[in-house]
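Shared between the two complexes below is chain A, which has chain B as its partner in the first and chain C in the second.
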Partner chain A sequence: MTGTAMDWASVSDAEVVRACRAGDDAAWRQLVERFSRYVLAIARAHRLSESDAEDVFQDTFARIYEHLGRLRSDDAVRPWIGQLTRRLCIDRLRASVREPVVDDPEEQGELDRRLTAVDEAVSVQEALRTLSADCREILDRFFCRDQSYHTIGELLDLPPGTIASRISRCLAKLREAYEGRSEAPPASGEA
Partner chain B sequence: MSENPMDEIRLAELLHALPPVPEAWLQAAQERPAIARAADQVLELAEADAEFRRTLIEDLETALRAAGHEPDPRLVDTLRRRLPDS
Partner chain C sequence: MPGDDLSALPVQGLLDELASENPAPAGGSAAAVAVAMAAALVEMGARRSPGWADATGVAAQARTIRTRIVPLVQADADAYAASLAALAAIEDAPGPGRDEAIASALAGAADIALEIARAGTDTAFLAELVADRGEPSGRDDAQAAAVLAEAGTRVAAALVAANLVTAEGDDRETAASSCARSAAMVRGRMGE
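Entry: the complex of A and B
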């Protein structure tokens, strides 16, 4: 698989993993792009400082790169990355004198809720990937990047009224895609 | 299929829950293959040259400069992980 003119949106996680393993640098860039928000959201769910979150982020991708060959099921890359990131977050918290590792059941429950929300958000991102490029862009700009109608209008050369209706239409399509998606594979494949 | 229909407000909240990663972080992670290749070159050299290997273990940054590599922190970390202790 070569990456130069590829539309990665239609490529499955497993195919991206296989291309990475074959030494395709464009596939690796896609893998980082695809899972970067997930990794950062897990770090933030653990309430790491921005500096620790950055260290965990880089360390996670370094280990993914080094251990991708040990992944038992290419379809399980997302849960594997999730487990790896959570483990590195816990290690970082343990190494920190200011932040004891969560052992209070209430705090643990709160962390679990935040992590569940992250997983749900990733599923929505996966559904987003199945939409047209126009829909992906406008929803990402408005909801993920917090850009105003005015900014989006200038960037995409669209009047505000069109932006509002396009967001509404794309959100409806996203809901259909989310509700119609197949379930993620079970967690496995720990390296 | 998901168990419950997702309302669009919740969908919007979940989109908002995954903000983009700072561009510099993304780029650093995406350059990982180049870092790994540089580490491979350094380790091959260390395998072939005992003196270089000794310097590498004693003073990694200096040895990297001598071999023509910038001691990028990611390269240094990778080598520290991959270098045997002795």
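Entry: the complex of A and C
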């Protein structure tokens, strides 16, 4: 697999990992691009300062680069990166004299909820990537851009009365893809 | 009651605000509430139709429309109050560019009313789907949703026209009246 002229949108995480191991520079750029927001979102969920979050970001990708060969299941790259990032965040908080590590159960619960939300958002993004371009577009227009059925119908040359049913079918496909991904194998890497 | 959150009031409190001598909230806020209630009824109808493959998706869309429209209950009251204040200031100090100043004062209210009209039409389409494909026992509520959606859409479209009275040929007026026609057509297809 080479990185030139590659349509990365249709490439799975596991394939990106394999290409990284094979020394494909473009695959490394794709890996960073694909997981940057995830890593930063976890760091921010831990309420790290911007500079600490940036440090965690750098450390995380340095560790990924160093230890990717130890990842036992390529499909588990996301949970592995999530665990790694969380561990580095906690290390950063422990090292900080400004903010003690969270030990209040209520705060811990809030942190867990934020991390769960981050994981879910990333899983939805990943599931979205598996849908057809038509489905991605119609879901994006309705749920993200707040466009009406009439506006979507005009733009896509479809009767407005059919848009709701199309959205429902695309949502069903998204749910199927999301639930399939939710049953991915657990992280098994070491870092 | 500009500045507070009308959507957080109990029903009685909202009705008291609508009934008060204050000019806002008024018809636009009432239209937004009507469309929000319609969307809620659609969501209920979809949720009560477990055998319908599209039910979950329709419920999600109805909920999204409701989430979008609830803040417009307050936003319309704020925009209307701001328009009235701007108009009063213009009346007190007439001068060059008066028509443009009036048009600008009313434009914000027109934008919000158009959003309400669009949401109302979308809700009417969803109500029709629920009536046609959802559980038969939910058909009456789906029809009620279509009537409410149409009413809210027509009120909102009339407000768009009223707020753009000085802006002839504005696309927003055309869009709003198209929404009103679509909502009426859908409700008409569903029968009485």
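The criterion applied here is as follows: the second predicted complex is superposed on the first by the 136 of 191 C-alpha atoms of A that agree within 3 Å, B and C clash if a C-alpha of one lies under 4 Å from a C-alpha of the other, contacts with A are read in each partner's own complex, and residues count from 1 in each chain.
Assume a residue touches a chain if its C-beta (ideal position, glycine included) is under 8 Å from a C-beta of that chain, and two chains touch if they have at least 3 such contacts.
Note that the coordinates shown come from a computational prediction; the quantities given were computed from them, not determined experimentally.
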Identify which of chain B and chain C touches the larger number of residues of chain A.
B
Contacts of A:41 with chain B and chain C, given as first, second, both or neither
first
Considering only the touch criterion stated at the top, classify A:132 as touching first (chain B), second (chain C), both, or neither.
neither
So, A:179: does it touch chain B (first), chain C (second), both, or neither?
first
Could you tell me if A:161 is touching chain B, chain C, both of them or neither one (first, second, both, neither)?
second
Which partner does A:171 contact after superposing on A: first (chain B), second (chain C), both, neither?
both
Just checking: does A:49 make contact with chain B only, chain C only, both, or neither of them? Give me first, second, both or neither.
neither
So, A:149: does it touch chain B (first), chain C (second), both, or neither?
second
Report, in rising order, the residues of chain A that make contact with chain B in one complex and with chain C in the other.
143, 146, 171-172, 175
Would you pull the chain B residues touching chain A in the complex into a rising list?
1-2, 5-8, 11-12, 14-21, 25-26, 28-30, 32-33, 36, 74, 77-78, 81
Touching chain C in the complex, chain A uses residues 142-143, 146, 148-151, 160-161, 163-165, 167-172, 175
Looking at the complex, which residues from chain C come into contact with chain A?
53-54, 56-58, 60-61, 64, 68, 118-119, 121-122, 125-126, 128-129, 175, 178-179, 182, 186
Listed in rising order, chain A residues that touch chain B in their complex are 23, 25, 28-29, 32-33, 36-41, 54, 57-58, 61-62, 65-66, 117-118, 120-122, 124-125, 128, 139-140, 143-146, 171-172, 174-175, 178-181
